[in-house]
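Labels run A, B, C and D following the written order; every chain starts at residue 1.
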Amino acid sequence: MTKKPLLEIKNLHVHYITNEGTVQAINDLNLELYPGETLGLVGETGAGKTTTALAMMRLVPNPPGKIVSGEVLYKGKNLVEMKEADLRKIRGNQISMIFQDPMTSLNPIMTVGDQIREGIMLHQKVDKATATKRAMDMLEVVGIPMERYDEYPHQFSGGMKQRVVIAISLSCNPEILIADEPTTALDVTIQAQVLQLMENLKVEFDTSMLMITHDLGVVAKVCDHVAIMYAGTVIEHAQKHKLYRTPKHPYTIGLFESIPNVHETTERLKPIIGLMPDPTDLPTGCTFHPRCPHAMDICKVEFPEVTHLSDEHWVRCHLYPADKEVE
Amino acid sequence: MEKKNNTPAPTQQVAQKRNQWKEVWRRLRQNKMAMVGLAILIILALAAIFADVIAPNGFDNQVIKDRFQTPNSTHWFGTDNLGRGVFDRVIHGARVSLSIGIISVSIAIVFGGLLGALAGFYGGRVDNVIMRSMDILLAIPSILLAISIVSALGGGLFNVMLAVGISSIPGYARIVRASVITLKGQEFIEAARAIGANDSRIIMKHIIPNSLAPIIVQGTLGVAGAILSAAGLSFIGLGLSPPNPEWGAMLSGGRDYIRDHMHMTLFPGLMIMATIFALNLLGDGLRDALDPKLKN
Amino acid sequence: MLRYIARRLLLLIPVILGVTLITFTMLYFTPGDPARLTLGEQAGAEQLEQFREIHGLNDGYVVRFVNYIKNAVFHQDLGLSYRNRQPVFAEVASRFPTTLKLAGLGVLVAISIGIPVGIISATKQYSLFDSVSMIFALIGVSMPNFWQGMLMILFFSVYLKWLPSSGFNTFQQMILPALTIGTSTAAVITRMTRSSMLEVIRQDYIRTARAKGQKESKIITRHALGNAMIPIVTVIGLQFGYLLGGAVLTESIFGIPGVGRLMVDAIKQKDYPVVQGGVLFIAVTFSVVNLFIDILYAYLDPRIRSQYK
Amino acid sequence: MKRSWQILALLMVLLLVVTSCSPAPTGDDPAPADPAETEDPADEEEPEEPAEPADEEEELIIAQGADAVSLDPHGQNDQSSSRVRVQMFDTLLMQDKNMEFQPLLATSWEQIDDLTVEFKLREGVKFHNGEDFGAKDVIYSIQRAIASPQAGHIVDMIDGDKLEEVDNLTVRVVTKEPFGPLLAHLSHPAAAITNEKAVTDAGDDIDITPVGTGPYKLKEWARGDYIILERNDDYWGEPAKTKTIRFRAVSENANRTIELETGGVHIAYDILPNDISKVEDNSDLQLFRDKNFSTTYVGFNAQKEPFDNKLVRQAINHAVNMDEIVEAVYYGTGNKASGPLGANVTFANTELEPYEYNPELAKEMLAEAGAEDISLVIWTNDNKIRMDIAEIMQNQLQAVGINATSEVVEWGAYLSQTAAGEHDMFILGWTTVTGDADYGLYALFHSSQFGDAGNRTFYKNERVDELLEIGRTATSVEDREAAYKEAQEIIREDAPWIFTWNGEDLTGASNRVSGFELHPAGHYRLHNVSLGN
């Protein structure tokens, strides 16, 4: 509340409409990203992390996806209702994105250099030669010799491809970088290098970053804030240390208990009982209540609103009384 | 429940298989176009089976004085140059055309499938010999190959089926080979081998059932192709000939009268079109149902 | 790349030999006396014998096959037509430009309809345009070519009297045959373009391009189409190759003196050297077209290009 | 990423290139038509590249069912080739449409003895290659024809070694045995006269390099497509009326009439019977129709039970309603046959009565012959008309209790199997190309001609053999006539055939065409044809 968020998502709902039924991928999601910070968006597979990222740039594939309601405010402008042409000026320029699988996110029949240059040419009023030069510089920045400008993606290893993707996303010096599990598809040894590179570049380019991951270790390493997602909504949002130290939501607590901690000696790990709900048929009330050890009657009927526990920590759970004051 | 087991008990496997086909059918049922296609095909098949009931006059009932009637209440599709009911002939023709389609594709699937399975399963020299022979057949456009075979064997229903069938063998051989090669590397085949199943058992029990999906799709579309090929053969006078009511032969027979008596060619043409149309709808639907990844 | 092409051309040799053997054997065992068929019902026994002697029809299978191969290899001679004693190669080659032209025009029509319609259908999936064009494409696939040709003659030549019904020398004469072949081929290309595009536009790199802020039209033309091209080119090539030998029906409806017609006439007349030579010629062209397509792949896709080296 | 566009462009360009390389002799774009031409907007058939720019005259365009196979006068002997060849080659003499002999390269002829005819040749005739015509050319051409597998059967009664050059303009033709119809045979296009030097010069290209003395010479031939003939300005007779003629191959029968109606052609040969009314009712078109020398018959296997019984053959003749067949299959063109020869063939017996359609009588006769349960198969090749006949006949025979079926046999197998006598019944046609009874009877009914040679019914009657030999060897017209009339009566009575149909030529033409005349042998000469406005 002290700082104004750079990007804010309010009550976002995204549905996928298929023959099999409507998948409620995002339900009433709220999220804030502050300038200069790195926000980790954490959740199990299928929690809706990628959809959230795509919705932020209005890239949810339509059909079948549809942003049903809600706002994505970037510097006060609602991206959900923005004209396509204006939005294109933001994509890749002010908000850019790194995708999960570097193997498939590069166009296989275009040289990597051209793919970097494409974004530069789109957003910066420079001639081709300058753009080429800048694209080469970007390659160097991510640690690829610029001689490889004319090579094709299949000539690169996975980690190198991800570097190219990073080069593309940073080529226009964006304000926000959305990284959707950028290291999941990479070898463990490469993961660290790529993460390190991203961290360095974030600082160098002074970019805010949304780091989507299911790996709490990654969060611990790079994030300032953390948002925990469950079944299409953020159920807890906090400054990293607060969250690690005092997780509030039963799911968050369960999450931490389910991972081994080298510093503590626990008898055994406690997995969260049950499975993620079927997104076509979400439980009523709090979507977590069937699995929640503390479930109450109200949890079955009413979806909890946001409760601010402190400045940089809120949670959506009936265990914590809802905010009295309205901002 | 979901036990990761490389050698599922046979009953379990069968049950899975049944479920799998149930699932395919469920998906197929949701595809309206495919259902339309299936409905047309069922109607055609019933017409073919009960042709003698639906068109009791038979396909060669000449009433010369009644020739060239335009469609009317007795002769729904009119009569031809020898006074035979075009409706009667078209219905009996369904029997001919559909059986050509199905039997020639079966010939192609059996031989092509077998060759492809052998090639893919054994690899090496067997593969080389079989697939190079297939290349040779593939180098001749299929209609030309069919024409040559028919001219060598002579016309007639069975020879046409054989010619059309042979000319589409290489396609199936390739499909089956490809899927066998993919399957061969998979664990359950290795497992079957490990418990001592011999080659023929592996091929019959494991490989073939598992490569069915692409064959079914290709086969459905192949029936369409075979009907068209046979019609083309008849049309240039190398396939079935009058009085056989094969649709292509009817088109060929009616071409001299097309200006004055268009109904003679219109209805057989429409029948071919409806059949191929339906087969394509069903084939597309099956492809989507069998391979949900591709579903939009 | 050159080595790849050379290797592929070398691989043609066994194919050609195989095709020769198969056709030769098939023709040898085909019933019917070429002498009688060529000379007609009214020729006498003496003339028949004379004819058989001239064309070596009294020799056995092996002798004839060996002679054929010998002449073909050492004298580049595919024999003489029974009917007009012209060298078979010249005979086939003289018809080839017509067939090439027919196939070329047909595919040209097909590409100019099929690719744009397919692209629009894919980008506007489930729209009215998509449904309508897909139904038309299905109809196009379902309609027997020869029947369509007949109907077009009936409509454009007989009723409207706009276009001639046969021949293939003037532009007007080419319109109906090219449309007949073109529309049915277009149907195939449309369907392939659509499904290929649909697959490609769901790929991650298309999302990457969108995320860069690229315009949708540019995404389609610069990113999607190129990647969707390989199956499309395959279909175009297959259709083209097929038309080179298989446009028989269209050729006979419109009285076009192409290779297909020559072959069918020769088969009916048991003019074996022409059939033999024609099949060989078509097989070689077909294989060369396929090779050309494979080279196109390399041009289209750097991954394939690197494999060829 | 412009590659996809480049590829598309490349494909397009390639296709365009491919498309614009046209069959060898023709250019791609038709030369603009001359002004007179514009009156006929549908007429696209223009000479592609006129040899002389000053070529003002419109060409005459003719559609026939197939392209010529060979233009070697002694080469492939099919109707389409002959129809083109007769414009370029002369024979010694010809038969006009009334079957009277008219001089061509021979001005007169005289029977010297039973074996020899002496011809006086025309003076001052030049071949298309500039060579002078003389007796040596006649001798060379006839010898060449005898040696040709395709033309041999027309002239092989001539003793090639005894051809004699009396002087440069006199030649004697000697037959091996007395041969009555010699002149008719020498009138056949296969006995055309060509020039030795031309044949030698042409070498392997003889089939596409015709050199004759006729009113037209070859200008261009696009194989399978069209042939353009050009007036021979050095013709010995009256020069041809039209400068160029184009023969187009229009194989689809209905399309010939369509092309005629849309102005794509001026004359359409062999239009479909069901198109007659379209030509007749069209005020721009005219129809030429006349009986020709062709006959269609259904032959029995006269040596196979039960068809070896004359009574059975006659009964089947009575069981067939030929009027219905002629009406249904031929649309009333031509006429039902009453005997083995059409009425226009020389020495045809025009007094023969057709078999009456009488199914009751047929049943009685079958009963009398003790052949009540006949099963038979009617063979036909894949000729639509014959298939229709077979189908109708099969139905009619079933009506008298014969278990008849029809079967289509592929042409090659058809000929060899009927020659081997494997059939019950078969349908074939025969054209008495010489217009002489000998040609229409000897090969078909003489017992020396069993099988491949022509007698596929294996019919044998000693009296008929004898009569046919008299007809062939007698040189007196009266003797020949008497022998043939009797032979025809016997054949009709013995009924080795179901006598079916005598054919009719149907040719449609634009009203602008004048001077066109049919000929019963089917080789229409076109040098008198002109194209008005």
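The rule we apply is simple: a residue touches a chain if its C-beta (ideal position, glycine included) is under 8 Å from a C-beta of that chain, and two chains touch if they have at least 3 such contacts.
Treat the numbers as computed from the prediction; the structure is a model and nothing was measured.
Connectivity without chain D: the remaining chains stay one piece (groups of touching chains, all others kept in their positions).
The innermost chain, defined by the distance from its C-alpha mean to the mean of all protein C-alpha atoms, is C. With centres defined by CA atoms alone, the chain at the far end from chain A is D.
Interface comparison, A-C versus B-D: the higher number of contacting C-beta pairs is recorded for A-C.
Distance from the chain A centre to the chain B centre is 50 Å, each centre being the mean of its Cα atoms. Spacing of chain B relative to chain D, judged by their CA centroids, is 44 angstrom.
A separation of 35 Å divides the Cα centre of chain C from that of chain D. Multi-chain contact residues of chain B, defined as those touching 2 or more other chains: 151, 154, 237-238, 255, 258-259. Residue numbers of chain A whose C-beta contacts span two or more other chains: 107, 109-110.
Among the residues of chain D, those touching two or more other chains are numbered 1, 3, 252, 258, 410, 413. The touching residues of chain A, counted against chain C in their complex, run 54, 57, 59, 61, 63, 84, 88-93, 96-97, 99, 101, 104-110, 115, 118-119, 122-123, 152, 154-155, 165, 168-169. Residue ranges of chain D in contact with chain B, taken from their complex: 252-254, 258, 272, 274-275, 278, 324, 327-328, 382, 384, 387-388, 391-392, 395, 406, 408-410, 413.
Contact residues of chain B toward chain D in the complex are 60, 62, 64, 67, 81-82, 151, 154-155, 237-238, 241-243, 253, 255-260.
On the chain B side of its complex with chain C, the touching residues are 132-133, 135-137, 139-144, 147-149, 151-152, 154, 224, 228, 231-232, 235-238, 248, 251, 255, 258-259, 262, 265, 269, 272-277, 280-281, 294, 296. Partner chain C is touched in their complex by these residues of chain D: 1-8, 11-12, 14-16, 18-24, 26, 29-30, 42, 44-46, 48, 67, 69-70, 72, 75-78, 147-150, 152-153, 156, 204, 206-208, 222-226, 248-252, 255, 258-259, 261-262, 264, 410-413, 415-416, 419, 428, 430, 433, 443, 452-454.
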